Every structure is written in structure tokens, then in C-alpha cells.
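This is the structure I want to talk about, given as C-alpha cells.
Chain lettering (A, B, C and D) follows the sequence in which the chains are written, and residue indices restart at 1 in each chain.
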Amino acid sequence: MSDFFSSVADYYNYLIYIVLMVIGLYAIIAKKNLVKKIVGMNIFQTAIILFYVSIGAKRGATIPIIEHGHGEAVHGAGSQAIKAAEYINPLPHVLMLTAIVVAVATLGVALALAIRVYNRYETLEEDEILAQLREK
Amino acid sequence: MRTLGILVAALTCALLFYAMGDFPPWADPGSAAHTHVSPRYIEKTMEETSVPNAVTAVLADYRGFDTMFETTVIFAAGVVCFFILRLPKKEGPIFRRYRHTLTGMTIRVKCTRKIPPVLEEFEMIDNLWAPHDLIIKTSCRILVPFLQLFGLYVIAHGHHSPGGGFQGGVILGASMILLAISHDLRTALARMGEKVHALLCPIGVLIYAGTGALCLVLGRDFLDYGALAGILHVDPVTARSHGILIVEIGVGLAVMATMIWIYNNISSRGEYDEGL
Amino acid sequence: MIWELDLVILSLVVVAAVGAIAIKDLLGSAILFGAYSFMMCLLWAIMGAVDVAFTEASVGAGVSTVFFVAAVFRTTRRSKD
Amino acid sequence: MSQHYPALLVTVPLLSALLISILGWLSRRLCFPVAVAALCVALFSSVGLLFRVLNEDVVHYFLGGWAPPWGIAYRVDRLSAMVLVVVSAVALINLIATRRSVEREFPEKIGAFYTLYVLLITGLMGIVVTGDAFNLYVLLEITALTGYGLIAMGEDRAPLASLNYVYMGTIGACFYLLGVGYLYISTGSLNMADISAILPSLYGSRVVLVAFIICMVGVFLKMGFFPLHAWLPNAYTYAPSAVSSLVAPLMTKVMIYVMIRLILTVFTPTFTFSRLALNHSVVWLAVIAIFMGAVLALGARDMKRMLSYVIIAEVGYMVGGAWLGNRAGMTGAILHIANDAVMTLCVFLAVGNVVYRTGGYAFEDLKGMFRKMPYTMTGLVAGGLSMIGVPPTCGFFSKWYLISGGVQAGQYGFVAALVFSSLINAVLFFRIIEIGYYEPFGSDHGHGPAPAPMEEAPLSMVVPLLVVVVGLVVMGAYTGDIVSGIIAPMIP
């Protein structure tokens, strides 16, 4: 039992990301409201970003901005050696900047489409739209 | 649908839990993710690009190609929103309602597409007209220049502190959006028209891709900013640093313009007339 | 890292996510989504991802929420689920 | 110059998309020529690249001048060079063929349309050419976003179909991203070649296994593979005709390319076929996909929906062929990427011509079409024959490889599905021929067949169609060279 708790303590960040992802996935599939689905889609994307950021975390390290680094003063001289263990891994952060921007782009497009759909059918509920389509 | 949703969610959950057992422990400095590729970024960024913020260096230089396409994604989103929502300009006269603030009388004016000059004692009324709150209006107006200043700072200071083109661009865009929310869309459009932000958006990406193409023309690989050393009269490492700054400015412009573009299209349903 | 703080924010994230999905008012959903994004941003700042946190604060909690509110104003607040 | 071909492939379309977007606000007439020029350069450099690859085997290009595991590198081999030529050629032909209908459908937004069109091609080319797993995700999103926009501008129900596509496409892309994250956490690298060099020591890891499954699910969603195909028929049916003849041939095929790339380069066939016991179940899913696609196509009441279901069946062909796990099956799948792109383009262009003249694409609109639009109908019939798999056309050869692969692997269900689907395709296209040839135009049955006037689509639409028809036969004739020169060296 204590083994289980220690593994949960080790992995709780990963755990939360799975929970959030499942919430988002459920919302996309099961919710009938189009905007709710978009909210779910965003939660899903953010969960994946949380996963990547968790990969990037490193114990005993600081944020990835090199200290005492001011342009020309350091480069070339190579006076102090920079140790990779002192700084958090920047690569996942870079990837996630991209992912966040992609998420907001998708959000804009999805909302624009939702507005088009609303203009046409006067409702955002998927089942009501399908009922309207079936009538014709 | 609900059972399907639960089923899919449970399946995914089970699959991911199954894999979690083999993860390296959280935040373990010895795991593969921290030892294979990334140490070079941290150790060499000062030496190779002279940018202390490793994230900016990786974003705009080591993986600059990704970032170019990321900016393109934003640009594409702007164009798509315009393409889907923007309604063609209506022909013929439009009727606008005005209220005389002194007497409270409402008049209907027949006018063209162009918005007539604003007179002191007349107030335009929309279908969704609501009286604007003076406190909100004034405080937002005071806030806007500071926001823009901060946005510029964030773009320019991305080398040394968190920030860069994206964050700064979004803040700049948000300042215009704030103006559009606190006043109305017309006020914001009078400051920055549709054509301006629709053109700024590709121009921003063009600055990025053009820098890359310039490097290609100068005989190096695409986006190899070291090639700019000859033009900028600096050594190749500093040229990389300057190249990153140029690129970040492009990103900032594109992101700012796109955020405004998307907001204007969504909030006015493509009519570009009445805002929120 | 202070793990108590971390734990509180993690649970708040989940609460905000469930709330954004479950609430029947779309405007409320949009606002809760903003809160969710902001909690996420705090979480990432704690983990040392300052650039990502900055972006999420401006994009996720700021502009995304504004887009949602604008879209909800242009459509309807009513939602059946 | 020639060492920069890989960069030109992607950057020239990108720069011209930006230029078109600016020109859209200044001078609309210039948009189309710029787009044509951009795609011509892309086609030229991809052909150049193909010849280079045939000599040098693999071409690398380092973007930003950084060596692969740190920077992003392009890696072009025979497979990607072939797909590049197909993508750029299809895009160029479609661009020229649909000019008239685009001008009619989007008079106000030509600039935006061509911007999105060229951006979509940029994304597809980038996906094919890139050697970096994360870069592929970004490009995937570019193609997806532009695709959503283009599809949404179709007829009445298009926005809803496109919105469903947004949900499904986003889930697919996110699953792929998650899979890349799992690969990153276990290998620490994002470069495909580097990952595949590290992976063999990690084959036992559960993380790698789940990474593979998640990536595959994401790609299956994007290509509309059987249980995940729900978004596809509506999106392709309601899209504007100029868009469906672009998206239908290219999007699913490029996704299949991504799948084959993942199998061949990232996770090597040994892992896919021997460590995993999944290949039988995927082939069975493919069998169901083919049956379902064929039956649903039989029940469709208009041409575009029928063709969309045929595409689902074709996706089943290729996925099944790739997962058979032998050389013939993989050869058939790769060959079918090229052949299917060309024949789908052919039929969709023909349907586009019909829509341009009659305004509809229901079966009733085809009445008397052989008299009215003889060349267009020739194109439709030629494409149909190729889809059935009649010998001189290229469809026959890839189907032959697929069937022999199925026989070698002992998957007789797959063979049966292929034969069944060919029969159904025969029924479908002969029904079209019957309607078009024997049923008189209009409703005047009493007076015998009315002498309907010839009303062929404009020359700019017919000529590209006939070029594609010739291409069908030429590709069939050169199948042997394509297989021995391009595909065979690719399969280990």
C-alpha cells in the first residue's frame, strides 16, 4: 500500500495530466453543445502541454536563463563553464510554446465555424441541428 | 454518445496508465530527456548564439524552422477566420441610428458604408447598444499605452528574460482588443483598420521567412543567421543574436495583427460594424 | 518546490476543468476555462517553465477567454448540457 | 542551386502564399499567376530532387545550419521524393483546372482562397520532406487548419461538417503529439533517424509500445481509417468542388505516407511486425473498412458521397497492405499512394466539371451527359476503370501487388475484400455509365432522346482532366520502373 502511495507521489503530475486529458476527451465525444466541445478540445490540448512541461522539470535546477550572461561579455572567452544540470531542460518548453499557439489558432477557427453554424441553424445543440436536418 | 465517450475515455486512461509505470521518475536529472539532446542547448547557447535565455535561443535559432511554421499557423488561422466569417460589403445605403445626448432624441440617418464623422453631441446606437460606463472607458484608455509599452519591452527583452515575439505580440494585440471591448469596434478600427492588420499579418511572417531566404541567398542554409554577419558588420555569433531579434519582431507583428483580426471577425460576426 | 501549494493548484485545475465542462451556462464555462488556464499557468511557473507560463497567461487566460466570450455573445449562452 | 532544392520546396510556396495574401488586398488578378508560379517551382524542385535521390539515395538538408539531433533536418529518400512529385503535380493540375469554378464561387475572397490553397500544399510538402517528428506535428496542423477553412466554404452543411472535422482532426493531431512526447521521454530526441537509432535498446519498454499505439491512432484518425472515419464523408461531400478535388487525393494519401514513414523509419518493421501482435487485427480492421466503404458507397445517392466512401475503402487497401508485413503488401501500399492520388484526382475533377455546368452532383444530374459533355465523361469513366482495376490503367497494378501480398501472408479475408470492393466499384461506375449514356437528358420521354446540345466544360477544365487520364495510363505502363527504381530499395 505504501508502495502505491510513493509511486503516486512520484508520478502525480503525470496522473493529473491523464485525468485532464480524459476529461477533455470525454467532453469532445459526449457533450452535445458545440462550444462545450471546443472547451473540451482546449482542455485536452492543455493537458498534453502539461505532460510535456512535466517532462522538462528537473530536480535541483533553475529556470533556463543562463546567469551572468550579458551578450559579448561571456562568449568567446568561455570563462565559466555552464553545467547542464543546473538549468531546466528548455526543449519541451520550446515545443509547448508552439503547441499553445497552435491551440489558440485552432480555437479561433473552431469558434468561427461555430458562429457560422449558429447563424445557419439558430442553435448550438448538435441534436437540435440534426433534428432540423432530418426534417428537410 | 455518452457511453461511447466513457468507453473511449476509459480505454485511453487504461492505455496511458499502463505506460506510466515505465516512466523515468518525475524530475529525475538523469533521464534520457535531460541527457541526450538538451544539455547542448544549455551549455552552448551563450557560446553559439550569445542569447542567455535558452528558450529563446532554441525557439528562434536551433529550432527556428518550427517557429516559422508556428507563425504560419497563426497567420493561417487569421486568414481562415476571415475566409469563413467575413461577409462581403453590402451595396446600397445603410441606416444608422443616432441619439442626441442633450435631448435624448433618436434619429435615423441614411449613410454609406463609410462611418460618418463623430459629432460631440450625437452618439451612435447599435442593435446591441448599451450605455458605456465612463469609469471602464477611461481606465481602459489609460491602460492601453502602458500595455503596449510592456508588449514592446517583452518583444525586445526576450533575449534576457522570459518573453519574446509571441508573448509580446499577444500583449500588443490584447491592448487593441481591450480598446475594442471597452469602447466599441469602430473606435478600435479607426485606430487600426481592417486592411492594416490584414496586411501586417503576412508582412510579419514575411519578415521571418524573408530573413531565412536572405540567408539562403547569401549562400548559407535556410535560416542560418550566421550569414547575416556580412550585412550587419558583426561577427557570426552576434549576427545570430541579431537574427533572432529580427525574427522575433516579425513574430510579434504577425501575432499582434492576427489576434486583432480573429477577434474582429468573431466579435462582429464578420460584419465589421458593431463590436461586442 | 512547495508540494502543498503544488497539490492545491493541481486539484484546483481539475475542479476548474470539470466545472467548465459541467456548467450549463456557456459564459460561465468560458470564465471557468479562463480560471483553468490561469491555474495551469501557475503550475507551469512552479515547474520552472517561465516562458510557457507567460505565454499561457497571455494566450490561454487572456486572448482565448476573450475569444470565447466574444463567440458566446455572438451566439447564445444557453446550453442543455 | 540543386543543393537547396529541399528548402525551395517548402519556402517558395510559403513566401508566395504570403505574397498572395498581400496581393489579395491590392490586385486580385495577380493571385492566380503567383500561385501557379509557386507550384511550378515546387514541382520543378521536387522532380529535380527525385533525380538527385535516384543517384545519391538520401539527401539531407540542415535548416539553420544545425546538425540533426539539435536542429531540424530534412531527410529526403526515394519514397518521400516520389510522394513529393505526386503532391506537387496533383496540386498544380488541380489549381489550373479549377480556376474557373474558384472565380465563380469566391469572387470576393480569391486572395484568401489561394493563400490557403498554397499554404495547404506547403504543409503537405513539409510533412513529406521533414525528418523531425515534432516539425511534422506543426506542419500537420497547418494542413489541417487550412483544410478546415477551405472545406467550410462549401454548401449549406459544410460548416457543420468542417466543425466535426476540427474536433476529430484536433484529437488526431494531439494523439500524435502525445506519442512524440512519449518517444521523447524515453529517447530524449526528436529527430526521426536519431530516434530509430536509439529505439532498439528500448523495444521492451511499455512507453515505446504506447507511443507507437498512440501515434498510430492519431494518424488513423487523420486519414479516416475505418472506426474513426465518421468525419470524412460529410467533409468531402459538402466541400466546394475545387477543394474536394484537392483534399480528397492528397490529405489521406499523405497521412498514409506518414504511417508508412513511422513504420519504416521511426519504429522499423521488426518492431512493428514481430514485437507487436497487432498487425493481424489492423488487417482485419482494414478488411472491415473495405467492406463498409464499398457497401456504403453502393447506398449513396450522389456522386461525391459515393466517391468519399470509395476513398474510405481505398484507405483500407493501403493500411491493410502496409500492415500485411511482407514486401509485396508494402510495395502495393506505396504504389497505391501514387496511383490512388492520380485516379481520385481524375474522378473528382470530372465531377467538378459536371458541377460547374449543371450545378449539382446527384445521379440525376448525369442524365444524357455523354452527349452533353463527352470529354468529361471519358475522364470519369477512365478514372472509374482505374478504380475498378482494369489492366491498362495504373489501378490494376497496385491492386495486383496488394492481392499477391495478401496471398503470401495468408490473409484471405483481405484478398476477398479487395475482390469484393472491385466488384462493387464496377457496379458503381457502370451505374454511372448507364445513367449518363442511356437515360435521355431532361424529362421528355415521349419524343425520343432529345438532341441535347454539346455543352462541354471550358477548355481550361477539360485539358487538365485529359492530362490526368493520360497520366493514369502512363503510370500503369511505367509501374515496373517505379517499383524497381523507387519502391524496392526502400523496403528492408
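The rule is short, and it goes like this: contacts are C-beta pairs under 8 Å (C-beta built on N, C-alpha and C of every residue); 3 or more make two chains touch, one makes a residue touch a chain.
The shown structure was predicted, so the numbers you read here are calculated from the model rather than taken from an experiment.
Colleague: Mind listing the chains that sit against chain B and also against chain D?
Modeller: Touching chain B as well as chain D, we find A.
Colleague: Using the touch rule from the top, work out which pair, B-C or A-B, shares more C-beta pairs.
Modeller: Ranking B-C and A-B by C-beta contacts puts A-B first.
Colleague: How many Å are there between the centre of chain B and the centre of chain C, using C-alpha atoms for each centre?
Modeller: 19
Colleague: Roughly how far is chain A from chain B, centre to centre by C-alpha average, rounded to an integer in Å?
Modeller: For chain A versus chain B, the centre distance works out to 18 Å.
Colleague: Mind checking the centre-to-centre distance between chain A and chain D? Centres are C-alpha means, answer in whole Å.
Modeller: Each chain reduced to its C-alpha mean, chain A and chain D end up 29 Å apart.
Colleague: Please tell me the distance, in whole Å, between the geometric centres of chain C and chain D computed from their C-alpha atoms.
Modeller: Distance between chain centres, rounded to whole Å: 38 Å.
Colleague: Show the residues in chain C shared as contacts by 2 or more other chains, in ascending order.
Modeller: Expected reply: 50-51, 55, 59, 63, 67, 70-71, 74.
Colleague: Among the residues of chain B, which are close enough to touch at least two other chains?
Modeller: Those would be 16, 23, 33-34, 37-38, 41, 53, 55, 63, 66, 70, 73, 76-77, 80, 84, 162, 166, 262, 266, 269.
Colleague: What are the residue numbers in chain D that touch two or more other chains?
Modeller: As it turns out, chain D has residues touching two or more other chains at 134, 138, 141, 145, 148-149, 152, 159, 184-185, 190.
Colleague: Can you work out from the touch definition every pair of chains that touches here?
Modeller: All chain pairs meeting the touch criterion are A-B, A-C, A-D, B-C, B-D.
Colleague: Which positions of chain A touch chain D when the two form their complex?
Modeller: 25, 28, 34, 37, 41, 44-45, 48, 51-52, 55, 91-92, 95, 98-99, 102, 105-106, 109-110, 113-114, 116-117, 120-121, 129, 133
Colleague: Can you tell me which positions in chain D touch chain B when the two form their complex?
Modeller: Spelled out, the residues of chain D in touch with chain B are 4, 7, 11, 14-15, 18-19, 21-22, 25, 61-66, 69-72, 108-109, 112-113, 115-116, 119, 122, 126, 132, 134-135, 138-139, 141-142, 145-146, 148-150, 152-153, 159, 182, 184-190, 198, 205-207, 209-211, 213-214.
Colleague: Going by the contact rule set out above, which residues of chain A touch chain B in the complex?
Modeller: Within the complex, chain A touches chain B at residues 10-15, 18, 21-22, 25-26, 29-30, 32, 54-61, 63-67, 69-72, 74-76, 78, 81-85, 87, 89-95, 97-98, 101-102, 104-106, 108-109, 111-113, 115-116, 119.
Colleague: For a test of understanding, state which residues of chain D touch chain A in their complex under the given definition.
Modeller: For chain D paired with chain A, touching residues are 134, 138, 141, 145, 148-149, 152, 156-157, 159-160, 162-163, 166-167, 170-171, 174, 177-178, 181, 184-185, 190.
Colleague: Show which residues of chain C lie in contact with chain B when the two form their complex.
Modeller: By the definition above, chain C touches chain B via 50-51, 53-55, 58-59, 62-63, 66-67, 69-71, 73-74.
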